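Take a look at these structures.
Shared between the two complexes below is chain A, which has chain B as its partner in the first and chain C in the second.
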Partner chain A sequence: MRLRIVKISVAVVAFVLVFAALQRLLVPKYASFALEGGLIREYYSSSMDQDLILIGDCEVYANFSTIGFWENFGITSFIRGSPQQLVWHSYYLLEDTLLHARQKPKIVVFNIMAMQYGEPQFEPYNRLTLDGMRWSPTKFRAIAASRLDDESWLSYFFPIFRFKEHWRDLGSDDFRYFFRDPQASINGFMIRSDTMPVGFLPQPLPIANYRFSEKAYYYLNRMAELTREHDIELVLIKAPNLFPHWYNQWDEQIIEFAGEHDLLYINFLNYTEEIGLDWDIHSFNAGLHLNVFGAELMSMYFGEILQERFNLPDRRTESTVAEQWNSMAQQYHHMIALQLDEIERYGRINSFLIG
Partner chain B sequence: MLFHSSVFLLFLAGLVAVYALTPQRFRWFVLLVGSMVFYASAGPFFLIYICSTIVITYLCTMSMRRLRLKRDALVAEAGEKDARRLLKDKAKSIAKVWATICLVLILGILAVVKYTDFAIANVNAVLSLIGYARQFGLMGFALPMGISFYTFQTVGYVIDVYREKAEVETNPLKLALFVSFFPQVVQGPISRFGELSKTLYSGIQINRVNLSRGANRILWGFFKKLVIADRLFPAMAALSINPDEYQGIFYMLNIALYAIILFCDFTGGIDIAIGVAEIFGVRLPENFNRPFYSRSIQEYWTRWHMTMYSWFRDYVFYTMAASKKMLRFTKSLKRFVGNDIAKRLPVHITLIWVWFLTGLWHGATWNFIVWGLANGVVLMVSLELAPLYARFNGRFPGLANNRVYRCFQIFRTFWLMNMIRSFDIYDSVGTTFNMMSSIVRNFSLTQFLSVGISEFTLPIADYFSAGAGLLVVFWVSWLGRGEIDYRERLDKFAWPLRYLAVGVILFMTIVFGAYGYGFDARQFIYNIF
Partner chain C sequence: MKRILILFLVITAMLVIAACGDAQGVDTPETPGSSSQNGEDSSNPDTGTDPGTPGNSDENGNGNGIDSNSNGDPQIPAAFSFTFNDVVIAMDDDVDYIISKLGEPRGDITVPSCAFEGLNDRIVEYPGIRITAYPIGEQHYIFNVSFFDDSVRTAEGGIRLGATIQAVFDAYGEDHSYETGMYRFARGLTYLEFLTEDDIVIGITYRLDLGL
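After this line comes the complex of A and B, so read on.
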């Protein structure tokens, strides 16, 4: 009997270890491809005590420099952005942020581009947002709200069942980042120092129904309620990207919603000249996203509004915070210099990872 | 509810738990409820078909039982031998009526849902051939899950009852369990009532041995299905839908791939069925015995889909060959063609008829019918050449045990069966014959080398993973030599090695299995029969 227990114990331990090791090996590391996939996870390795939290899709993690907020205004911030982040993703990320934050944020900024979607879109985008979240009832609810029919719960609990096919493409990154995760951002901001001027912009096509879905409104409402409950200011923004097109009919609905809920809404598309954006030099992919220099301008402009309107504290005088942020700022400037050097030498950026 | 779906695993886990907590005498009922739930998962409407078969079978077999009891009582009372025989003959002829009614009705259900459209399509084809404009519309019946399997299993039971080889099951719910037992209802194996009933109703408690052996067998089934069959399937599909492009050597590659895929798919499904039943202490018959080691086509059919082969042998071949009509035919034939041919010809006619039915059972298409007839013809030729082989073996007595010659026989049988099986692959009989002839018409090794196997939608790495899986299958097959269950050989290994072997198979299935995101869960090939 004792031998049987030993045998079974050894088998179970060996199974768990091999399973865990294989899973770790096969899940994407987001080190040289789809780096955005690691952004959500990076929050938990930050200090989690930021005053400003930005939530939304690529229009936030590419368009606002967290170091820009710090260096110009002493605002501590984190961007909880991920590709094609849908409204319910954003809501649960907000819940998750409040659950884990050591200090409650004072302002939450939500980019409303995703209001156009009323249903889950593509499985890979679900994974890029949800896999990075820590396990909690919030994550559980986020998966339930986002899951497409062909996605299994099991693959969220054990991602090996989703990413097992990666065995074909195993590379050095999978071994290098076996024990640690790569860092792709500075507090959620992804640095891109290259430039691609705006060329051709497709004409916006009329759509059948401009009305945002019930589901999108439901989660936007919940976001407003949650921030109100926690005495946090919710600010709605539309980042100044030229494509995909932001329709006036959509804008009117957000203005109406913001008015009803007494929220600040800024459509930055209306202020590009005041911000100083030049689409020939401030985008790295032809108007879809801003590069680091555009993002710094955005942080300058937006940081001023936030500080004036909401009286956000300047924390540059707090030595511990300052030490930490100045160190990040050093990394930030080093990365920009490195990328500019690579552009000059090779005509393209090779380095994207901060660490 | 596919065997290799997470829903099925959850269903199985739940059923095991309920079964374990139920008192022994009600456990068979838990299996019945589970079987009905499983069946209903394919569409509640299909329950009508299977329940009709159960009700018809129950009523007819109970009538036969009452008749038998009455006969026995009368026979006991009857004094004279002649009177007893008369009573027996009379009872048998009435039982035959009941058995015939039963078989006509349950086979009628199968015929209507499975073959009506095939018949209409052929009538339409003939009408248009003779210039008649009128066409009949197809009925479009949905094929109930496992209808071919449970119908044949039930037919076997009815014939066994008629022949008094099986006791009549007097409890209709127990009969329902026999017909619908969920592990085997989808794709067999086709069980006999006498054998299956020994363990089906016993209500053996879930125990460590059955659980571990059953789980082991299920894992082995998953491995073959997911790591090999489903992984290689896209390559075969790509080769099959382009018959004009992929001829000659590509045809050879395709039929070899199909052999591997069909073997792993079908045996994998049977492994899962046997393993699931084993967990509940129910023993299902084995359906395969290393068929690709067969040295002749006769031997192959005693090792591949054994329960179907033995079903046709016992219920069709012997019934027909030993029928009074056939004996009369043999007798009358002797006058015209002599004793020798008169003995052989009825056997050949029966053989061809049996293989025609086997083909038809597989599917309502001409491809399957020609496939069945091709098997029959090859077997018939083999029988005719048997004396020649005997003379040849007599002249070279050492050859039968010569390893190289045995390998040649295995190789020959493998390719012969592959070619016959290619009727399953292509969309028409004509295309299949065309592909067969392409071996001599269009066998271009240079074309094959220039295209390469990575062309057929599969990355090269997938061939390696499936190849590694095949090596494991060969190893396990080698363990199972001498008709010994491979698990018994595995049990003789030191426990770390045993656990390692199971662990390797488990992790290979998890990592290399073709399932989950990016894969369409492909049902087992035999599910459609």
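After this line comes the complex of A and C, so read on.
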């Protein structure tokens, strides 16, 4: 009898191990395509303090240099952003951040571009945001809020069921990053040193309904409540990206919301000249995102506002913190130099991963 | 012992291969327009056309057969199409073919997408209209055409921006759906949408139903 129990136990353990190993092998590593898929996960491996958390879609992870905040103002920051991160994603990532943060952030910045969406949009973007979250009741609720009708719960618990077809094109990345995850960002900021000037900008068209949805407002309200409960300043921003178009009717609603909740709202589209943005040199994809040089300007401009208005501490005098951040800054500058060298040699960037 | 282990390994393999039939392909998302609605043939611009329908001759690269279902009335085309500078533009036409007919556009951009390659829509503008196309492989196929100003008009009824909604009804009938100012007429897998403000048309869009 005892031997039988031992045999069954060993078999169960073997099954779990094989299943886990297969799952690890087959889920995307986001090392050579869709690198943004690893951004949410990277937060958990950070051992640094963060006074400032930026939350939102690509308009945060591409547009604000975390090292820019550090080197100019001594502000410690992390960006919790992912592609097409919708408002409910962002709310639950805020919950998740407060759950796992080494210290409570002093300021949370939310980029409001995603307010235009009232419903989940596209399964692959859901996966980029949700798969990287650590399991907790928060992740469970995030999936419930985000899941499209044809997405199965099981595939979130066991991503192998979502990515099972990947066995057909397993590549070296799947083995190289079997035991460790690639690092694609510097505290959530993705470095792009290349330039693609803004050429032609499509003319905006009228849309049927400019009113943000109840669902978007619901989660924005919850974000405001959660930050208030934790005595954290919430700042709303619209990054200065030229495309997709940000309608005045949308802007008015955010101004109204910020006024009602006594929040600072900055639409950086109104300040591109003061910031010093030149769309011929500061975007890597024709105005959709800023490159690293544009992102440094953004951090310079925004960091000053944050420090003056909210008295964020300059932590460059704290030796342990400074040591960590300066080491990170070295990686950052090394990556920029490497990318610039590749652009000069090959006309394009080949290196995107920090580690 | 070995038998039990083998049994579990087999179960694992079966789970991996067979379970969760609703899961999508590999890591790369399905491209809009390449879904089952448009069928596999959609990637082949040389197949599946209906030469009898305006704007869908074999040569224009329309490959999805969107107009193959007759609506039963020979007087009414099975899909909406639009004529601009004497060139018939139908939904799902190859945008490069249309450009070759219309000439150099005033603007042409392949809009970058976040994270995923292959989701990059292309926007082409001529005076008065914007054409948006979705990608399949290297090619882009038209999924909507919108009007900017009153210099252009719809193929039937000659509706322009600034027209009254009554003129729209006179031209297209009353069979439409409505939501927050938008009147939508359907033919096959295509729509013609009139956005209104105070019963005046402020936006006109021809659209392919991509099922998104």
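Brief remarks follow.
The definition used in the following text is that the second predicted complex is superposed on the first by the 353 of 355 C-alpha atoms of A that agree within 3 Å, B and C clash if a C-alpha of one lies under 4 Å from a C-alpha of the other, contacts with A are read in each partner's own complex, and residues count from 1 in each chain.
Here is the rule we go by: a residue touches a chain if its C-beta (ideal position, glycine included) is under 8 Å from a C-beta of that chain, and two chains touch if they have at least 3 such contacts.
The model shown is predicted, which means the values in this text are computed figures rather than measured ones.
Once the two complexes are laid over each other on the shared chain, residue contacts for A:144 go to neither chain B nor chain C. Legend: residue contacts after superposition of the two complexes on their common chain; A:20 is shown touching neither chain B nor chain C. Shared-chain residue A:58: touches chain C; no touch with chain B.
Shared-chain residue A:337: touches no atom of chain B or chain C. Within the superposed three-chain model, A:255 lies out of touch with both chain B and chain C [touch as defined at top]. Legend: residue contacts after superposition of the two complexes on their common chain; A:7 is shown touching both chain B and chain C. By the touch criterion defined above, A:84 reaches chain C but does not reach chain B. When the two complexes are superposed, the chain touching more residues of chain A, out of chain B and chain C, is C. In the superposed pair of complexes, A:99 makes contact with neither chain B nor chain C. Residues 7, 10-11, 14-15, 18-19, 22, 26, 123, 150-152, 154-155, 160-162, 164-165, 167-168 of chain A are contacted both by chain B in one complex and by chain C in the other.
Note for the complex: chain A touches chain B at residues 7, 10-11, 14-15, 18-19, 22, 26, 123, 150-152, 154-155, 160-162, 164-165, 167-168. Only residues 6, 459, 461-462, 465, 495, 499, 503, 506-507, 510-513, 516-518 of chain B touch chain A when the two sit together in their complex.
Residues of chain C touching chain A in their complex: 1, 4-5, 7-9, 11-12, 15-17, 19-20, 22-29, 106-109, 111-112, 114-117, 123, 125, 130, 146, 148, 179-182, 195, 202-203, 205. Residues 7-8, 10-12, 14-15, 18-19, 22, 26, 28, 33-37, 57-58, 83-84, 122-125, 128, 150-152, 154-155, 160-169, 199-203, 205-209, 243, 285-286, 288-289 of chain A are the ones touching chain C in the complex.
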